[in-house]
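This is the structure I want to talk about, given as structure tokens.
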């Protein structure tokens, strides 16, 4: 049977301002992880609910998380010290699907949404992969992506690094240059909406990983519902935690 | 103005099973401490209320607390590591009164109630002091008391150390042998009641430090009320935190 | 050592142990079956059902609060017929009691559902007259004793199953609501459902929940729940299933002492999917320590 | 940079800032005066007064709960006359508004107290019809709209001061209670008082409070409080002082956005005696960040 897992923090370093890379022990039960899956993490006794955090990369003995300090829970997580234990549930969610037949793929990440794409890119080895990374001002994980892919382009909103502007601008360029068979994206909703629009315009398939507030993380409580297009009734309500967080880009209906 | 104080933990050692001696930095504002005063300590974010803990001893640069792991808060406190910060309010309460004129005094402590008596005994230097300490089974702080007083007697309920039985039995012996001008006591209610009874029988004055559940610790919320005898109306309701925790033994009216 | 018997008998409704899971927090059992052996749970109250499928409220549907959470799922569920066809058979594999939590916009809907479900293998119905997350029906029924009596009585007449009525805590006098349910013919009372609460995002200046307010659950509400269980069990003669913020065995024992015959675990499942098993073991440990051989020995044994 | 004006005017009741302290959590100001400059607090609601001295309930009077506390002080206070003679002169030294929180067993007692206090220098009366910790009067008045109307109206007739009515959250419909207070002649409403809760010691099998149950306060109740402030401010036309679990400026801002004209800090004082000053600074910071120059600009500005 599955259970909560208690994993030791092996390392925690601030890799950019307010962005932390935390490596935790890959305990025995943390098996068969797919890129795009997440952990639901108990931060401390003072915070009731767990926090969903993507698995950024997997190594033989450890799992890497990349976390942005944003609210109470992530502040606690980012302050965890080497040797402390993390109480995690997972791996959860469906993760990205990789199709042997798709050779030319584009991977787009925005901000902390770049985190889960790292493991994905590792697993896309052998394909023709373009990685597009967008940040407000300070990039991170770029070197890590470059370990696996030669073609990594960066955009920053303020132009402090790479292309000045949105990563979706790079995306349009890339897709025009050499259309893709699959687009993988993770980032803020506004970026994903734009990716959705562009993919639809250029008729490219996509898989996008979305965010929704969660409680159980396993599909039981229905607080994380996402609206998707459905054959029969037009719309269908699915669980971001269990049926997602990765959905086909065509099907997701964003809030307006 | 007074404020919360943030004191670094300098040392934390388990001195008996489930009994911890925690030394914290004596920050500048922690001045003019009287023996018998206490601190109201915030354990962590998950526990709302502070916990009252006596000041056990005071040194130039540090304050010693002796804490028994008993519930949620004390478990957290006893797990504090060197270097962590403690958020404390204090010194609070009235503390023991020492009268120049009283020469022969008896000090009785039961269990964790021995803690605040250590600083008291230090300050009783020069007097003829008998210290009687009672424990269930495992004594602690005995050596510390012996540093200041030659006449330290120990009782344990199971006889594993010193007199087998209650410390109040030693008290009766001591008072019979050589009556005292003042008795100082701190310990479980059942012991204090017995001390009260004995003092009244042998007509000895006493100061006893009592426990009551607290919230504010400063005298504002009135949850820690203790009933005492009063001149006019027979009884009076006083605040354990502000008017106590030390009361004249004659006046306290215990719950029955 | 005498053997500890964890069975409880709630006036004919027998469970192998008094630890149940609360409606809406355990889905239809499928997800948590990966974490807990459902055969070990006293009863499972399934996600609130309605006559027709419901899509529920827009998201966000959850806010974390100090030691609590507010949800506004809004009874998203596939409808009672789907439940009977696709979920009940799954749940029926397990040796646990199945409680169908029913929700209607009108008394007729409640009755209709009771009728339909009475023909199935569910073990009990739980009349939810207290859901704060729907516009019509729901909580409106739950705060008025006359309405509670009326809806209970009507459902009773259409119900061939053990009938549990679930009370809302958002009332001035929970005792009169409990009495109304008993008089209406309830076999059992469960409480508490969620308190109505609201959380606001001070940066966007909007409520965090798309719906504005929702139902507060978790440890924060436990003191209110224990008090209400105590009050209700003093005035009714039918069994009570207590819930609201139970996180561990000690919380559960508080409810038993207050008068609950069984307890239900909701929000805690989200934090620890195996929590029911921990609670069960904890209760056993408590019983051993105190020398009890069956749960009944300390139900309502509050010394006050 | 435009200057930020923290003054608030609650329909004629002017405070230098909207941060007040809640009755029963700040004594008569003396103790916290060592920690906070009382001149900096908008208003001080003093410990609940009764006509005669009261000794309050037996101890224990407090239980800690998950992010909350339950108290059963039971209105221990030296009586209104003693207050006027010995506490009011002390408080009057400070440049802050003094609110006398009054509690009666009967309408007559309330009126008598109003009459007596109207002749003093207190700035306002706070009619506490919601204290859960006394047997007669107290909460019984607070849960029935007719009684709320009646007691408010009677006190109004005997009261020459600004009249605040403090509501109990232990009701089915807080809106009708708020309306009743307004119709009765209240100048202002304050809410919430405590929710009724209970905690049990599973080892002794007794309630932890000597009185059994008591009033739950602190962060745990905040979601309920915010919701009630939102509901009440939607239906009344008098100012509202919001409270319940406010620990920091962000909590305070939630109440303002929900519709409160001022806020009150209770339990948080026990954890941080200077919390009111932190909240005040925090609100100022928020206003600066958002470009507000006075509090009114974001009172009730919830975008929903």
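For clarity, chains are labelled A, B, C and D in written order, and residue numbers in each chain start from 1.
Everything that follows uses one rule, which is that a contact is a pair of C-beta atoms (placed from the backbone, for glycine too) under 8 Å apart; a residue touches a chain by one contact, two chains touch by 3 or more.
Model, not experiment: these values are computed from the prediction.
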Checklist entry - Of the other chains, whose C-alpha centre is the longest way from the centre of chain C? => result B
Checklist outcome for this item: Note: chain D sits from chain B at a C-alpha centroid distance in Å of 36
Next on the checklist: Taking the mean of the CA coordinates per chain, how far is chain C from chain D in Å?
Outcome noted: 34
Item to check | Rounded Å distance between chain B and chain C, as computed from the means of their C-alpha atoms | outcome: 47
Next on the checklist: Give me the residue numbers in chain C that touch at least two other chains, ranges are fine.
Outcome noted: 63, 65, 67-68, 218-219
Item to check | Two or more partner chains touched - positions in chain B | outcome: none
Checklist entry - Connecting every touching chain pair, does the picture come out as line, ring, star, complete or other? => result ring
Next on the checklist: Going by the touch rule stated at the top, which chains touch which?
Outcome noted: A-B, A-C, B-D, C-D
Item to check | Complex interface listing, chain A residues touching chain C | outcome: 1-4, 42, 47-50, 89, 212-226, 235, 237, 242, 255
Next on the checklist: Touching residues of chain A toward chain B in the complex: what are they?
Outcome noted: 44-46
Checklist outcome for this item: The answer for chain D against chain B in the complex is residues 24-27, 30-32, 34-37, 47, 55-56, 58-65, 67-69, 71, 73, 76, 218-219, 267, 269-274
Checklist outcome for this item: Residue positions on chain D within touch of chain C in the complex are 63, 65-68, 70, 143-144, 170-173, 195-200, 202, 204-207, 212-213, 216, 218-224, 226-227, 230, 245, 250, 253-254, 257-258, 286, 298, 301-304
